[in-house]
Structure formats: C-alpha cells, structure tokens
Amino acid sequence: MSDRPAPLHTVNKSPLAGPALQSCLAHLTDGAAVLLMEDGVYAALAGALCAGLLADALRDHPVYVLGPDLALRGLAGRALVPGVSIVDYEGFVTLATRHSLVQAWV
Amino acid sequence: MSDRPAPLHTVNKSPLAGPALQSCLAHLTDGAAVLLMEDGVYAALAGALCAGLLADALRDHPVYVLGPDLALRGLAGRALVPGVSIVDYEGFVTLATRHSLVQAWV
Amino acid sequence: MRPKRLLFVARCPPHGGARAAEMLDAALIAASFGQDVHLAFLDDGVFQLLADQQPGPDGPRNFAAGFADLDDYDIDPVWVERDSLGVRGLSAGDLMIPVTLLDRRDLAERMAEMDVVIGS
Amino acid sequence: MRPKRLLFVARCPPHGGARAAEMLDAALIAASFGQDVHLAFLDDGVFQLLADQQPGPDGPRNFAAGFADLDDYDIDPVWVERDSLGVRGLSAGDLMIPVTLLDRRDLAERMAEMDVVIGS
Amino acid sequence: MKFAILVNEAPFGHQAAQSALSFARAVLSSGHDLVRVFFYCDGVQNANRLAAPGNGETNLVRDWSRLASDNNVDLVVCIAAGLRRGVRDANLAPGFRISGLGQMVEAAVLADRLVTFGG
Amino acid sequence: MKFAILVNEAPFGHQAAQSALSFARAVLSSGHDLVRVFFYCDGVQNANRLAAPGNGETNLVRDWSRLASDNNVDLVVCIAAGLRRGVRDANLAPGFRISGLGQMVEAAVLADRLVTFGG
C-alpha cells in the first residue's frame, strides 16, 4: 500500500468554534497528514490556546496550512506553530494525490 | 428599571459544537435569563459534559428550554438538568416581554 | 469495476437543517448503486440516532424514518464512536437502531481503510 | 424619538462568508440613521479586526476597509473583550483600529444596558 | 407590545427560519403586534418562490406568504443580501417586498423587542 | 490522476465554494483530470444565475460558468437539493446541469480522489 499510504485530513473551522480540529487530530492513523484551510488556519497561530494540541500532532504527523487563507486573514507574517508547512492550492492537489483519500472535517 | 430588568439570552447551538453556550453563560448579568432552543436544547440533558456548567448558572439565573425543540430531538422524556423550566413558543414570547431585550448567541 | 468502500461520516446533530437528512439520502443512493457503503456517527452526529424523535407538523421532514431503510439497503453495521456517546450521557440503548460501538482508535483505523470518505 | 442604543455583536471570524461583512454594513446603516450604535468583538469575532488582512483577487470583498469608515459614522469606541484576544495569543497592538479593551464582566454590563442587541 | 423579527438563515440549511415562523405565530396568537419580519444574510432565501420541498417536507416560503396574507405582516427582504444570493423580484414569493437595510433599523427602532433567529 | 469535487456550501455564506473553485483550477493547472463538480446541500446555490454580487465582490456563479466553458468541466446540481432551495432550470446558470444523486456516486467511483468542500 505504499502508493496509498494514509488519508489527508482537511480542517476548515476555527479551533475555538467547534470540535473539528480536536476530533480530526484524535483520529490520525499512521502516515496521515492534516491540512488547515479556511478558518482552520487560525489553529496554526503560535500562542493560541490550541497550539499545544497541534504541536503534539506534529510529532507524528505532517501539518500543512493553506497560504492564501493565511494571507486573507492577516496571518501571513505572523509566527506559526513550529513545524507547520505552508502550501498553496497546487500543493494541496499534490498532497491529495499522495494520500489515499481526502477526509474533510467541517 | 423594574419593567426592563435584564436581557433574555437565547442559545441555539449544541454545547459541544461551539462556544455559544459557554460564552453566553459567562456574560449573564443580574436578572438575566437563558433560553435554550434548536440545537441549544442538548445542553439541558442531564449527564452531559456541560451539565455542571448549566447547574452553576441555575444558582443565579433562570434557564428555560423550548419544549417543541426537545420533542423534535427525542429529549422530551429524558432527564434534564434539575431546575431547567420547559416553555413553549407562547412562553418564549412572554419571556421576551418581561426582559429588557433578547440577545441571540448563535 | 469492484464496488468502492464509501464511508459517510455524520458529525452534526439531526435537526439543525437538511444536512443530516441529505447525507443519509446520499448514503442510501450509493448503496442502491451497489457500492460498499458504511456509516459512522461521532461527535454531535450521535444525536441523529437518538430514539423518540418527534417531528412536529411544522417541522422538517422525519429523516429518522430513513434509518429504518438501512437494512433494506444492506448498510450495516452502523459504526458509533463510544466516546461521543459517553460525553453526552448516552449509551447504545438510547439509540433507535442497533449499532456497533467502536473506540476512537478503531474507528480511525476503519476510516483510513476506505476508498472515499464523505460528510462532516 | 430618542435614538436607540443598538449593539452589534461580532463573534464569528471574518472570512468564513458574508456574515461578518453584512453585520458591519448593518451597523453603518444604523449609525447613518442617527442611532446610537456600538460594536463589540468577542470570541472569534476579534479576528475581524486583525491587521494586514489581504483579500486576494478571487476572494470575497475587502470588508476590513469598512472598519476605516467607523470614525466617519461616529461609531466609537469599539469594544473588544480582553479574554478573547488573550486565548488567541493576540493583543490590542495586533488590531487594525484603536479599540477599548473590556473585561468580560464589564462587557456583559454594557451589553445589558442596550435597547437592542443584534448579531452573533 | 410591538415585536420585530430578524431572520438570518436559509430555510433548508438551518432550523432558525422555522423557529422564527413559530415565534411570529406565537407573537400574533398572544395578542402582540408584529411590526416587521426582516430577512437578512442567508435569510433572504426564505423569499425564493422557486423553492419546492419534497413530499412531507415543510414549505417555509409558502408558510411565510400565508402568514403575510392572513395577518398582514410586513415581510421585508434586504435588497443587497438578496441580490448577492439570487433572490430578487423575478423569483420573489407573494407577500414579501424588497427594500434596504434602513427597514431593519426602522424595525429595531419601532419595535419594543427585536428578536434575532440565526446568524 | 482523476479528481471529483463535492461542494456543500452556498457561495455567500461560507468560503467553501471559493475554496472548491480554487482547488478545481489547481487540479486543471497541475495537469490532472477533473471528472465532475457535484453541488449538493446548500452548494446548489452556486448555480443560481440570479445572483448578482456588488462591485468588488467575487461572482462565484459566473466564475463556475467560465470554468465549465473554458475547460469543459461537468458541473452537476443535485435535483432534490436544488428543488428544495429554489435552484432549477428557470434560474440555472450556464454550464451547469441538473441531475440526481447517482451522479455524485458515479463521480466518487470514477475519480481517484473525491475532495469535499464544506458540509
């Protein structure tokens, strides 16, 4: 199954506005990755309450954040949780091809 | 100001799906009351994680729950947090007349 | 072409709009098209299965009736996350249909084995 | 008829849809109709005021520009809940306009003094 | 007492519009005045007469129209929010009228209580 | 690789539809196939040609129509979800077609990846 390793999970809600991020992070399996998009990108903010949660996930899983959605929200120049990688939409497409499926936590 | 004592706060979101209930309860002033409606009625369920939060609020504030929304969700016959009062839409209207304003936490 | 393993994930409560009912519709159609369809309920989605829901004359349609069709469509078992029930003070006996309770880790593993995951 | 004290409460983030922008529109119109208009930002609503928001060419309109109009409409001061900023790792210096920081208790008291409270 | 109602959610994505209608009926049955129902944000979809729910589903658009004709209730759709979302004269249900945000402000000023549903 | 996209949110109440469009463009610019975009739930509002956003606002309905004409993308609106919400042939934007949920299942089966936006 090396070509279909594990799911890519997308989170599009603010971490303080519902359980999407927490639920998503609690369901990561070996090889799974997380992409924060839309209001989900607020979770990448260093210093936010949920930063520890994300840092924990980053020990075992890559976490990506959609750059255009950071810029839209005024977060482009701000400090993010260390280890989070910024991708654009082409990067999102590439991630989707490399993972077995895309599961949206909305 | 005896005829305009304090606000009535409505909460229409599930307590585990966002910060509406918690935020609302943190902003109650003297004389304020809470009406749980739509998915907000899940907060009235005895045994749920947030039951303690509601019980705390009930020491100082009346908490009402909309009966038709309980029935819709299968909660009509279930144990509720002690002290919560069930009202119908006419009761909601009466509450609105007795409070100074109606503030929706959505 | 072999049927795909399609999982519909329900995480929202039942009566906040048409979303829950529309996701159930989609699952039933997928099953009728011969796909290998699974349903998982977690977070507030477990409220969709609560027994004794009484839609009023003015309310939205009684989508709960749709769950009775799951057998006809050969969708079973229905997966429910045990932890999601627990924090809501609920147990399997409170639900309108028989379900398979799964721990979070087990549900995560099964979701990861699907071909397609749809829903919220 | 004396102007009413209208409070618009912003609790949702800015770019998840038109809601934030439409509430700001409503506040500006109310002010232009001579009402005594107030704005309060709490929970994720504080993100609406974050500086350096860069709407792309394809994105929704730049509603943040609307905040620049607040002075013209005599809407001030803007109330922001201190605790909501803190748990998000933000401070008043991160915001695009000057605001009045209020503790939760103080904001609650001011909200209770209004004639009408609109918004989420 | 004079009530005004603000509806911010569409009829089929959210329960708020149904709640607003039930509240409106209770205002009238309790003998109070309902000075206006204002439809804003996604709430403008309540006025889309092309909506045709399936069998056994509530038709909220029709129910609002009936409320207006039976009780002479003023149903106002925000023009800007409606244009954005494709609700305009071409598909406006009976009993609704399209106007500006000033009508919402006026409703808030004229009524003793403004009650918001959804948002 | 073959992609399909599921859009569950209306264009003006949520960013999801804009995200879906940006993702669709990236799929095409990356040289992949886009077998279908299926509009479900409130997502059917993306096909309402009566929508007319204000100056400076994105017109997502028009942008979808352009995507369809420029790239021959199959845009399918769920008939049941559309009827409920007042999106039907009478107000359907160019480039969209109305069909049943079977088209969503087919898209999920034909594509290597189904990516959901909103819900």
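Order of writing sets the chain letters: A, B, C, D, E and F. Residues in each chain are counted from 1.
Going forward, a contact is a pair of C-beta atoms (placed from the backbone, for glycine too) under 8 Å apart; a residue touches a chain by one contact, two chains touch by 3 or more.
Being a predicted model, the structure only gives us computed values, none of them experimental.
Undergrad: Between chain B and chain F, which partner chains are common?
TA: Both chain B and chain F are touched by A, C, D, E, going by the contact rule given at the top.
Undergrad: Sort the other chains by how far their Cα centres are from that of chain B and give me the top one.
TA: The chain lying farthest from chain B is F.
Undergrad: Tell me which chain's centre, taken as the mean of its C-alpha atoms, is farthest from chain A.
TA: Centre of mass proxy via C-alpha means gives E as farthest from chain A.
Undergrad: Would you kindly tell me how far, in whole Å, the mean C-alpha position of chain E lies from that of chain B?
TA: About 24 Å separates the centre of chain B from that of chain E.
Undergrad: How many angstrom between the C-alpha centroids of chain E and chain A?
TA: Averaging C-alpha atoms per chain gives centres 39 Å apart.
Undergrad: Of all the residues in chain C, which ones touch at least 2 other chains?
TA: 15-16, 18-19, 43, 59, 116, 120, in rising order.
Undergrad: Show the residues in chain B shared as contacts by 2 or more other chains, in ascending order.
TA: 16-17, 19, 38-39, 68-69, 101-102, 104, 106
Undergrad: Give the residues of chain F touching no fewer than two other chains, as numbers and ranges.
TA: 8, 12-13, 15, 22, 41, 54, 57, 80, 84, 114, 116, 119
Undergrad: By the document's touch rule, what are all the touching chain pairs in this structure?
TA: A-B, A-C, A-D, A-F, B-C, B-D, B-E, C-E, C-F, D-E, D-F, E-F
Undergrad: Chain B touches which residues of chain E in the complex?
TA: Those residues of chain E that touch chain B are 1, 3, 8, 15-16, 19, 22-23, 25-27, 29-30, 32, 112-119.
Undergrad: Touching residues of chain D toward chain A in the complex: what are they?
TA: Per the touch definition, chain D meets chain A at residues 12-16, 43-44, 47, 50-56, 59, 87-90.
Undergrad: Note which residues of chain B are touching chain A in the complex, please.
TA: Spelled out, the residues of chain B in touch with chain A are 16-19.
Undergrad: What residues on chain D touch chain E, complex-wise?
TA: By the definition above, chain D touches chain E via 1, 4, 6, 18-19, 22-23, 25-26, 29-30, 33, 35, 116, 118-120.
Undergrad: Quick one: which bits of chain F touch chain D in the complex? Just the residue numbers, please.
TA: 12-15, 18, 21-22, 54, 56-58, 63
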